[in-house]
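Note that chain A is present in both complexes that follow, paired respectively with chain B and with chain C.
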Partner chain A sequence: MHTLLVARRDLAAYLHGYAGWVIVAAVLFVTGLLFQTRGLGAGPQLSHEVLETFFENCGGLVMIAGILFTMRSLAEERQLGTDVLLQTSPATDAQVVVGKWLAAMGMMALTLALTLYMPALIFVNGKVSLAHIAVGYTGLLSLAAATTAIGIAASSLFRTQLPAGILGAVVLVTLLLGWLLSDVTDAPFKDVLAYAAFWDKHFTTFMEGRLHVRDLAYYASVTFAFLLAATKVLEGRRWQ
Partner chain B sequence: MIEVRNLTRYYGDFPALKDASFRVEEGQIVGLLGLNGAGKSTTLKILAGLLMPSSGTVTIDGIDFEHDALELRRRIGYLPEDPPLYVDMRVADFLRHIGRMKGLTASEVETRLPQVLRIAQLEARAHQVIGTLSHGFRKRVGIAQAIIHDPRLVILDEPISGLDPVQIVEMRKVIRNLARGRAVLLSSHILSEVEQTCDWLVVLRDGELVAQGTEAELVHEVVASRVRLTVRGAPSEVAAWLGAHAAVQTASVERTEGDIATFLVELTGDDRERLVSDLIAKGYGLRGLEAADDALEELFVGLTTRRAEA
Partner chain C sequence: MIGYVLVAITAFAALGLGVALPRAGVGLAWIGGLALVYLGQRTFGGGDTELPATVVGVLVVAVSFGLRVRAMGKVEGTSRAAHRTALICQAVGSGALLVWALTTAPVTDALGLTGESLDRWIVSWSAVFPILALAGGIPMLLLDQALAAHPVAMPSVARTQAVASGVALAFGIALVFPVNYLAAQHDMDWDVSYFRVTDPGQSTLALVGNLSEPVEILLFYPPNSDTKEQMVPYFEELAAASGGKLVVQVHDQPTVPALAKELTVRDNGYVVLRRGDATQKFKVDEDLKKARRDLKKLDGTVQKHLLKLVKDKRIAYVLTGHGEAGPRDANPFFKLGELKQALIAQNYDVKDYGLDEGSAEAVPDDAAFVIVAAPETSLFPEEVKALEAYVDRGGSLLVYADPGRDRMTDLLAYLGVAVGEHPLANASRYVPISNGPIDRANLATQRYGSHATTATLSRYATRDYVVMISAVAVSETGSTGAPGPAKHTPIIRSYEDTWEDADGDFQRGPDEEGKVHVLAMAVQGPDEHPYRAVVIGDVSSASDIVLTRSKGSAILAVDSVRWLVGDEDLAGEISSEEDVRIEHTREGDQLWFYGTIFGIPVLVLALGGLFVTRRRRAGAEEGR
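Up next is the complex of A and B:
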């Protein structure tokens, strides 16, 4: 119950403020622009290639939006002193963190829902399967889940949005590019770094319409790990 | 009903609160007094559940933090110095949200809301956006959120700071109303406010609880031995005589007018009769004798700075 109350409050704050809508509008604008230039306007391509390009573009923007949506989440509560309302309520720190994450996921889901017209255009005018579209969006939501969890963990560490956003972005970039180190390291780190690749090893399969449990498990584990970290930060604050 | 036992809190190696114990009974308004850094906010934050104590216990109706912190938070309402408010929400919607967060059902919140709006004198502002309210009304919304779930203990940190005189009078009424059926613990730097509002005082100094009791008890303990003595005689001679008298701990000249001087005298005990008879026997003229009447200020200064002077 507390989780849903926190999520509802945060979602309302996103929807009643302008910042959330600015992020949604920016994502839709850039996605549309890239769809027109890299998808429809990039010369003759097969339908599934246009769809893959769309998911690739969308994936990048999902990561940026995830950080932007969440960098204010816990940091702003602390800055405004409203974290007291959460900390003195009978909600556990885990419920607060998950509630915040659900609200951010709600905004991500809304944003992604508003992009559906583009795959729909490909589906109507080309030849792609609904399964490919469904798997691609599953991948985008998985990516969003992990990114927002990273953003919330970063937000739990700071009093203001900007350093939270920067830290979230740094963690994300490290996860994105960490696999490059796998070429210059030995086992077992080589395998770990290769497996941890946030995009190349796990998202490209979704883009291509292939659903693997290992990829879902990877994003679920990243999400869990960072939400747990945020919870521990909140718990630790009572002992500081 | 609310019992604080041997509460200690360290920040690193620094003891912000040392072994504090006190009780707050239902219907009682308890004032927490102390200078900045005395440990007031640390005490309030521990009671509110924002900080964990290094040792010691807080129990409300037999429930303690160690065993059921979440249940304890249900029984406490907390208003920090700056009211924590979602300024984009309307007053009633905000209180509904907090009520649900505190564990009330939707129907319980709807039943409770009109009562809380009445207690906090917010009926006319129920549908106003919080961000558009004045500081005084924001404080009241802060109080309303602290009592929406009908807690057993309400904690108010500097509840009247920043309020104008009219708002202070109104807030005083609100605080008195709060104590019906529950306990109120407040901290304030404004001593006259504590004097008018609180039934029981707890005084902290350097993290230690140095005194507690009713204002009258504490004033008697600290101030009964402080008198203001107006004497006719050479001021320096009288000062020297007072300084040497066995019943006098300290004597300082407050003002002189010719050969009449007023002394603030701290006695070793309530030994006024002996001092007066010796003074007259010595041949000085006694023009006046009164207990120091700025009682609460004297109490506050006496209890909170004694160690610094020593």
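Up next is the complex of A and C:
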């Protein structure tokens, strides 16, 4: 219950300010631009290629938007001094973190819902399945869940938005490119790094319309780990 | 050299932090030591730096213990207790080093482990040592952080909380590994990308509807085959349309050895079509995953084999010897390989017809029709005469013209047709290929005449475009050399703002009038001389590059041939669920371009802005 209260409060903060809408519109603008230049406008392509390119573009933007939406969530509370209100509220630290994550996910879901007309355009001349689109969006939501969790964990460590955003981006890029390290390391780290590839290993399957339990488990576990870390940071702040 | 430098820098930094920050730096020194061991064993493994890095790493870990003990000695009470707990955590974390040592070659060799037992040993301990490192390292770091935050006296509750949080976080992170391992080991996957078995196309339905003799379709599949389940509805629909002439049977190959032997079916996964003693056979794998691609184009495959079964093979002659476009042309806009394949699928033999084959004498009697595909140079007068004689006796011609190529004046005049000299262009409805002004010559049209060749196209008039990459206008001359009266029917037209680009600048000049041009014309002789001809103003409309991208152009090519040989009752689309390349016109592009890039984001921004402004205004009024 407390989780939903925190989520509602944060979601309202996103929707009642211009910044949230600007981020949503900017993401839609860039997605549309990429959809036209790399997808539909890039000469004759097979329907599934256009759809995969759309999910690829959207995936990149989801990660950027995830960091933008979350970098202020906990950092701003500290900056404005409102974290004291949260700490003295009946909500536990875990409820605060999950509530803020749910609010960010609400904004991500809204943004993704507004992109739905793009894959729908493929139906005009092409052949793709609704299930393929559903799986692609499941991948985008999974990616959004993990990215926003990373963003919230980064935001929990700082007092201002900028370093939180930078740290979130660094963690994300490390996870994105970490698999390159697998070429120069040995087992078991080699396998771990190769498996942890945030995009190459786990998101491309969603793009292609293939749903794997292992990919869902991966994004769920990344989300869990970073939300847990954020919770422990908040708890640590109490006893410090 | 660089390895030694890296080792030295890491060791110096770790120890420096440990000495300079006695409360928070000890844990960092310990991590530095572990990192050096890892670098030595994994990154520098086998090189000169392996031993020094490992030894220095172990030493740094050992020194970090000394630093911890020293820091513990300098404080009293709860802070000392916190250091003691941190020391225990440090020892637990260092246990990871000992466990890891169990996986090294000297230990496994000493234990005599090989093969599967060695793998199991390494995998088991490899799973344990990261957990130990996390379980010791994270609480230790949190304790260090708490010690730094309470330099005078550390509250007991802070120590307890730090350890509890650290252990919870460590095991939370450690849980991620087995969960992902199990998920990867027991992975389940679903491929939901586009898949649909074709419905019977109109031309296949027409074909089975006109069967004169019974045809059996025998499916050889096991009872539980998913492929069979997908195919049976298709064949049942064909059977229903055949008026009882087509019968479908399903057999499991091992249970009908005599029938399988008679039809030479050695395994399940085959479809056999039988008419009397004649048979046609093709494979569709019994495994649905492997069969998906074949099932998407089942209708085309079935029609191809049905035609072979119920129609005699016919011959299409292709005039050669004057630089005509053809199946082996190097220029993709003149390569007619796909057209040839489409004719073969319609049960034609496609033969060259040049001087060596008697093109200057007479068209062979077995010709179903003759293709003249945009010759570069003029036909010989004797060849024109031979074609005229062929027309007189009721022959059929499929003639393609093209800008810059021979205009075939004599031959076309005989049919009462002429083609323009300059390419046509349209500034609004064209297919973008190079994204330059030249694209305006790539016409796309949905203007179809009322004729058997365009009956299918007209049915899907808003769906498919006929694409012509640089076309000339086709016009009626008013008189024919062939026996008349002939009936001329425009079958494809351009849009009204299309102009003949005489100056070749792809800009519509003041003298270049925009109007509807005929792009393709059908000519039909009188009943006593039932010749037929289709004249199309662009050979590229039948080229590989267009036929593989424009469904409308492919339908035009095949239905033109069907009409030429009197098979117009078979006209219709061949159903296919294969993925198609999305081709669209410039006009469509612009609508989507602006709508997608600007329309939706601006709408969202405007609605969001309105929502926020109204909300704030309401808040301000409430405040007053």
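Just a few scattered comments:
The definition used in the following text is that the second predicted complex is superposed on the first by the 239 of 240 C-alpha atoms of A that agree within 3 Å, B and C clash if a C-alpha of one lies under 4 Å from a C-alpha of the other, contacts with A are read in each partner's own complex, and residues count from 1 in each chain.
Methods note: contacts are C-beta pairs under 8 Å (C-beta built on N, C-alpha and C of every residue); 3 or more make two chains touch, one makes a residue touch a chain.
Please read all numbers here as calculations on a predicted model, not as lab measurements.
In the superposition on chain A, A:H2 makes contact with chain B only, while chain C stays out of contact range. Of the two partner chains placed by superposition, only chain C is touched by A:S129; chain B is not. When the shared chain is aligned, chain B comes close enough to touch A:V84, but chain C does not. In the superposition on chain A, A:T92 makes contact with chain B only, not with chain C. Once the two complexes are overlaid on the shared chain, A:V24 sits against chain C while remaining clear of chain B. Measured by the number of chain A residues touched, the leading partner among chain B and chain C is C. Once the two complexes are laid over each other on the shared chain, residue contacts for A:S221 go to chain C alone; chain B is not touched.
Contact with both chain B and chain C is seen for A:H16 once the two complexes are overlaid on the shared chain. Residues common to the contacts of chain A with chain B and with chain C across the two structures: 16-17, 238-240. Residues 11, 48-52, 70-71, 73-74, 76, 78, 80, 82, 84-86, 88, 97-98, 100-103, 145 of chain B are the ones touching chain A in the complex.
Residue ranges on chain A touching chain B, taken from their complex, read 1-2, 5-6, 9, 13, 16-17, 80-92, 238-240. For chain C in complex with chain A, the touching residues are 42-43, 45, 126-127, 130, 142, 145-146, 149-150, 155, 157-158, 161-162, 165-166, 168-169, 172-173, 175-177, 179-180, 182-184, 186-195, 432-433, 549, 577-584, 589, 592-593, 596-598, 600-602, 604-605, 608-609, 611-612, 615-616. Residues of chain A that touch chain C in their complex: 15-18, 20-22, 24-26, 28-29, 32-33, 35-36, 40-41, 43-48, 50, 114, 117-118, 121-122, 125-129, 131-132, 134-135, 184-189, 192, 195, 205, 208-214, 216-218, 221-222, 224-225, 228-229, 232, 235-236, 238-240.
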